[in-house]
């Protein structure tokens, strides 16, 4: 399968009913070892102060890290999270958050990914969170290959 | 304000429109230094395999840690997350997840909280995630005191 | 090999020249899923303020987590650290630090361990750090089995 | 105090008796928001397999993060670690390890720093660990200003 086909496969998985689709995550771009995802603000994604909720930010970072790691794994594998650690750096008070994932260490079994999350407000971006995630490879179930 | 009043205040904040309300988080119990929250599964909260999505698990853990830390802070303060780290231990394949937060170290400025998340399936519980979170105290905006 | 023999084997490994021996780490006790190690203060283990250095605390926590995970793995395996996360809760201003590791999730490939580190001063203990570590199993080299 | 003077002050603190001096940590370079430290291998700094011990790697990363954060804080402040999280990516089997710290978010109270640790072997460098650390500002005791 070509790189483009694998990205299409990933995008297809994200279109399945579930959390990533319901909150509106989308893949913005993907290249070797890097992947960017984004998410537009909605009233049901905010916390107390009207900014993106930490769980939504962590969810986007986790998903971007997993997709990024999956693309660097052998075909037929999907990355699942062993753990994720995220620092919240500033209020995510923009209209959109963008998660830029980058492989720190790829591997056929364990991968480590860093993710910078920015908040876009009136056209300007500001970093609002930084995460690292450890992923491990699982066999992609037959129906999805 | 009494402890019971503060828990009522917290529950009120959770009833505001936003992520915690929209996904259905609820406070199960709260006592000195401990707080339990839960969340029932819905199709829009799952990942690829039909289990709770990591972002939802992290979001519940984060919210439970924040509420737990808030209750241990002076009145008029609310806890905001500095960082959270979560290990995913087993698929959250139950009908409900329960997050049990407990203060490791309280403080007027910084608190550290651990959270054990269990998945309940057919009446049996199994741990599915473990998190630690660092929280700092912010002034609760005037409208919410 | 019996449990007692495996603990003896672990203690033997700790007696090999290297960091754990040079700083004076020792196993205090070990039982199923739990292991306690300790370390006495020396001038070369302190930081700026004369308390235990964060690296020494992290090193003891890491070592305790690894030994604890190793004992829960099949014979012939040794745990190596995938990652460790440690919160420093209070100055480690005692004469000794004690790390109590406990398996959160054992496994033949990946284990997750939590570690509470206390500082003992004039007979009283106070928690000074809390860590979680992810460990993976490696084959113990032939010479050490 | 000039930037150069502050770096000299930091180097002076590292020359005080204690862990950083005893293991041989040294500042390689420092500029705005970045700081590099290194450490040469010795038999008392290794683990089981003869590579740098995880505690030593974590200790160097922690120290580099703290020094880096201190330089971005107002004069008269010193950074102390709230927490550190480190992923071990490859055996640190070189003759020297180099920790490159960089501010992700500076601040007068809380700073977040990332640290890439490389192992240098026969002139070639390879990344062996990646850490993020949360630091908070404390008043530098009078004697050290």
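By letter and in written order, the chains are A, B, C and D; residue numbering begins at 1 in each of them.
Following the convention adopted for this analysis, contacts are C-beta pairs under 8 Å (C-beta built on N, C-alpha and C of every residue); 3 or more make two chains touch, one makes a residue touch a chain.
Please read all numbers here as calculations on a predicted model, not as lab measurements.
Of all chains, the one whose CA centroid is most distant from that of chain A is C. Pairs A-D and A-C differ in how many C-beta pairs touch across them, and the larger number is found at A-D.
Distance from the chain C centre to the chain D centre is 22 Å, each centre being the mean of its Cα atoms.
Distance between chain centres (mean CA atoms), chain A to chain D: 30 Å. Computed centre separation for the pair chain A/chain C is 34 angstrom, with centres defined by C-alpha atoms.
Across the assembly, chain B contributes residues 82-83, 85, 87, 112, 134 that each touch 2 or more other chains.
Viewed as a contact network, the protein chains are fully connected, with every chain touching every other. Interface residues of chain A facing chain C in the complex, by the touch rule stated above, are 82-83, 85, 110, 134, 136. Note for the complex: chain D touches chain A at residues 85, 87, 89-90, 104-105, 112, 114, 127, 130, 132, 134.
Interface of chain B with chain A (complex): residues 13, 16-22, 43-50, 53-56, 58-60, 62-63, 78, 80-88, 141.
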